[in-house]
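Both complexes shown next keep chain A, but they swap its partner, so chain B is in the first and chain C is in the second.
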Partner chain A sequence: MTNLSTWEQFWYYLANNGSYVLSQFTRHFLISIYGVLIAAIVGIPVGILIARRRRLSAVVIGAANVIQTVPSLAMLSIVMLGLGLGVNTVIFTVFLYSLLPILKNTYTGMTSVDKTILDSGKGMGMTSFQILYMVELPLALSVIMAGIRNALVVAIGITAIGAFVGAGGLGDIIVRGTNATGGGAIILAGALPTALMAIVSDLVLGFLQRRLEPKKA
Partner chain B sequence: MPEKNPIVTFKDIEKVYRGGNVAIEHVNLTINQGDFVCFIGRSGSGKTTAMRMINRMLEPSGGVILYNGEDIHKTDAVKLRRQIGYVIQNIGLMPHMTIYENITLVPKLLKWPEEKRRKKAEELIKLVELPEDFLERYPSELSGGQQQRVGVIRALAADQDLILMDEPFGALDPITRESLQELVKHLQEKLGKTVVFVTHDMDEALKLATQIVVMDSGHVIQNATPSEILQHPANSFVEELIGEDRLMQARADVTTVSEIMLKNPVSITPGRSLVEAIRLMRKRRVDTLLVTDDDNYLKGYIDIETLDKSYRHATSVSDILNTKIFYVVDDTLLRDTVDRILKRGLKYVPVVDHAGKLRGIVTRAAIVDMVYDTIWGDSDAEEGAPGLENTENKDNPTKSDSASSSKEV
Partner chain C sequence: MLKLTKKVLVRLVLFLGGTLFLLTGCSFPGVSGSGEDAIRIASQSSTESQIMANILAELINHELGYKTALISNLGSATVAHQAMIRGDADISATRYTGTDITGTLQLPVVKDPQKATQIVKREFKKRYNQTWFPTYGFADTYAFMVTQETAKEKNIKTISDLGKYAAEMNAGVDSSWMNRPGDGYKDFSETYGFNFQRVYPMQIGLVYDAVEAGKMQAVLGYSTDGRIKSYKLKLLKDDKRFFPPYDCSLVVNDSLLKKYPKLAPLLHRLDGKIDLKTMQSLNYQVDNDLLEPAVVAQQFLAKHQYFKGSDKND
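What follows is the complex of A and B.
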């Protein structure tokens, strides 16, 4: 073992523990996705609401900003105080961190829709719900998507730290590697898939975001 | 206008914005079916506010607005708006929808079946002379003028009777604006729509409107037809809004033929001999003679060419009398005549009264005087009688012509 290079050790590890790495990969991905999804379910409607009521927006976005400033390790610990060890703590932390980009982008997307378009929509007799789903949301969708994309990349990073509260995921492999003597290859086996996951989801969501962009010549 | 059914009525309308800004005060107004009404005034005069209250984009602080006899405050705002076309200055096409989707937006809200919507869109796009394949394009692929054409037909798509337009052509270049004005006027007349049009451009208002509502600081200053506004501006504000140039032209516009005609035309009776006729021509230095009977009724004319040709076998004026004569009645407005005189290349036109008696003639020189006065004022009118030859090359007559056509609308 010791006479193999780190790189060879990495492939050796993957070959022997492939299914383990894969299951942690899936777990990692799902934790991130759940956190972001819940954040989207909460953040998009709240974003729409604060775009309608501008006075609320300063308060809500301010609060989300404060959450963002807490270091992620500290946040995990604080949430752990309430939810204990395990997956739920990590999902909740991911949710908290995803809230700001989603909220902010929804707000920006909604408020940047041309006022004259809304005026003409209303003047033609669209109900405010029709204006929302036929005009505002389609026009704001790509900006909202950019927020989700941002949130997901951050979430994948946070989930890696989640190993410290016993949530599993690729962070688990990294921690294992840091504890082993000469565990560089094991650290890589955890870190490289994490990076890969972040890059690929960024690319996929980036592609989606461009597809959702309103037509402009 | 064929019928005079009021479609919109303002009853003592008032609009006070939060903070006590009074936008509109005590406005009473009736808009009749088929009318083209222009609200005109400076910014802040309340013209847009008044218009936007019709489809309840704004609610009045006091008073009642009736639409087809019903208090609009008691109807569903969404339903009301779907019956009223709405065109705004910034066009407001949905950028994420194709032209087809944009045009048929209201029909879609009204749940028309797909085939009916498609048919309507194809019919409308032809109406504004745009190719049919534009339907599948997006607004950003069209020029500003083309976009506003779509904006206009979008307001017609659900067969709305009333169309509100808020400075729709303000952002367009002059040439595009003009062609759109013509289009809107044409559509309005052809389809019998009622249009409420907000503008600050008096030329536009005079060109399009059948009724002009002049507004200033929330009050209706004058509500009248374009020609009434031009002839009898209610006060100095209206005069200023119209502008000195147009007032001057308007004055020319109300001049009747009898005011500028020469009162003693050279005429002869049919019974006289040709010898007498040629003598008279020589004496008065003219090449044509108007022929009247003893009671001075206009019969026709003779000219020197026919006289010369038929001198041998004709003896009296009646033998060579040309009865195909173009004449005008003395109380015709000059502007209606100028055009015809110039277009036909006539040297002069006889003027008769309603009974057909000869009263005088209008010469091209008289028209030159008139045009001269219009442009330079009355003060030095006596200088304004140059040779007749110049008249044809002067583009001035066309100017008074355009003034008259703008008033005929």
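What follows is the complex of A and C.
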């Protein structure tokens, strides 16, 4: 194999281990998605809440900011103390890092809705739930979506580090490449799909975000 | 305001802690190993360890249909051991007698392979409720090696033979071996009674290339490395039995064996089935032929019909 160039080795590797790379790709993607999904389930309601009670917002966003400053490898180790080795540790770490972009964007989206529109809603006799559901959320949706998009791209990067706590995913292939002598091709086989996943999911979510943008009258 | 902040912070911590607690028992569809149901197999970052872990996973999957999950890239035997004690892993794919006697068990070096195996078997049962299986059939020991040409030209077969030429030889060795007490370079030169002209501590992965390229005349590497086969290196016999035995076995938590009674006979299928040559060639397929350990494991088991019919009870 040593007589082949790195690119030839790369294609050779993919041809022979394609199904393995694909299974790790799916695993990697699912780990990232689950983490972001939980963060969305938690972050969006909290974001809405702090948009209503502004006094809370500084504290909550401050706390999320603090989480974001911890280096990902350190965070992984800290979470590992509680959750042990394995996938759940990585999913929880992804959740923590996804919290800030989702929270902050929900908060920003909700607070940037024009006051006059809210007032006209109230004037029409809408309940506060109706205002939230029919006015605020649709107007804020594209901003919230941008937060989720941001979170997912970061999540895919963090999941790659998850290989160090034995979670699998494409990071596993990268780490194996770093251990093998002349493993340049193996590193590429792990790194390129990771980058591809980040780019494609960013594009897809970007498309969704534009579709959700409120139409300007 | 300050009071409120404190209260909110406490709530936030409680909330995050609660989520963490809930997540511990969670199982996510499509991601094996996220729940408690799968058999978790720990492996270290070496190629050999990953191949063996994949062989175990594939064997269990194929023959018994139990779900398995791999916890790979653990840094050392100590980490793997801790993972098993904490219950994060159920099986360690590769454990070596020599490493665990001095490392995990904190006992003095034992040079006799049989005695070493007996000790780890007994102590792991007694101290940790873990079963140390019979060896796979290979030992990943430190071994001195030279190129075939050097071996033929100078008629070198054992480490003692090396002594005559050592004064004009450069040797490349694992950097962690240099100053290791008990079986390091100092004790080595006392036992064999010779020194090399110069000893270069280097990363273990580089020694094979170094000797092949002629930069070093003799190197100390791992006996199972795939490159020994591809570079046609000559392993020298440790005629004074200086290096402690590193017979490779799998270690299982007894609680798992109790939970799945069919598991022990299945795992015994691998007893003595993989000799040094086989392991070298498996490592070679991964390191040189760019096959994934998972692929190599699958092909190996398929080739041997999953060792059907060699089930054994203790």
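Operating definition for what follows: the second predicted complex is superposed on the first by the 216 of 217 C-alpha atoms of A that agree within 3 Å, B and C clash if a C-alpha of one lies under 4 Å from a C-alpha of the other, contacts with A are read in each partner's own complex, and residues count from 1 in each chain.
One rule holds in what follows: a residue touches a chain if its C-beta (ideal position, glycine included) is under 8 Å from a C-beta of that chain, and two chains touch if they have at least 3 such contacts.
Nothing here was measured: the structure is a model prediction, and the numbers come from that model.
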item	value
Superposition on chain A - do chain B and chain C clash or fit	fit
Partner chain(s) touched by A:Arg149 [first = chain B, second = chain C, both, neither]	neither
Contacts of A:Thr116 with chain B and chain C, given as first, second, both or neither	first
Chain B versus chain C as contact partner of A:Lys104, first or second or both or neither	neither
Chain B versus chain C as contact partner of A:Ile31, first or second or both or neither	second
Which superposed partner A:Pro138 touches (first chain B, second chain C, both, neither)	first
Contacts of A:Gly125 with chain B and chain C, given as first, second, both or neither	first
Vertex chain A, arms to chain B and chain C (CA centres, degrees, nearest 10)	170
Touched chain A residues, chain B compared with chain C	C
Touched partner set for A:Leu85, first chain B, second chain C, both or neither	second
Nearest Cα pair across chain B and chain C, whole Å	19
Chain C-contacting residues of chain A that also contact chain B	none
Of all residues in chain B, those that touch chain A in their complex	55, 57, 78-83, 86, 88-96, 105-106, 109, 138, 140-141, 154, 164
Chain A residues touching chain C - in the complex, by the definition given at the top	1-2, 9, 12-13, 16-17, 20-21, 26-27, 30-31, 34, 38, 42, 55-56, 59-60, 63, 79, 82-88, 91-92, 95-96, 163-164, 166-168, 172-173, 175-176, 179-181, 185-186
Of all residues in chain C, those that touch chain A in their complex	1, 4-5, 8-9, 12, 16, 19-20, 23-24, 26, 28, 30-34, 40, 42, 45-47, 50, 69-74, 83, 86-89, 205-206, 208-209, 227, 286-295
Of chain A, residues touching chain B in the complex	114, 116-117, 119-127, 130, 134-135, 138-139, 214-217
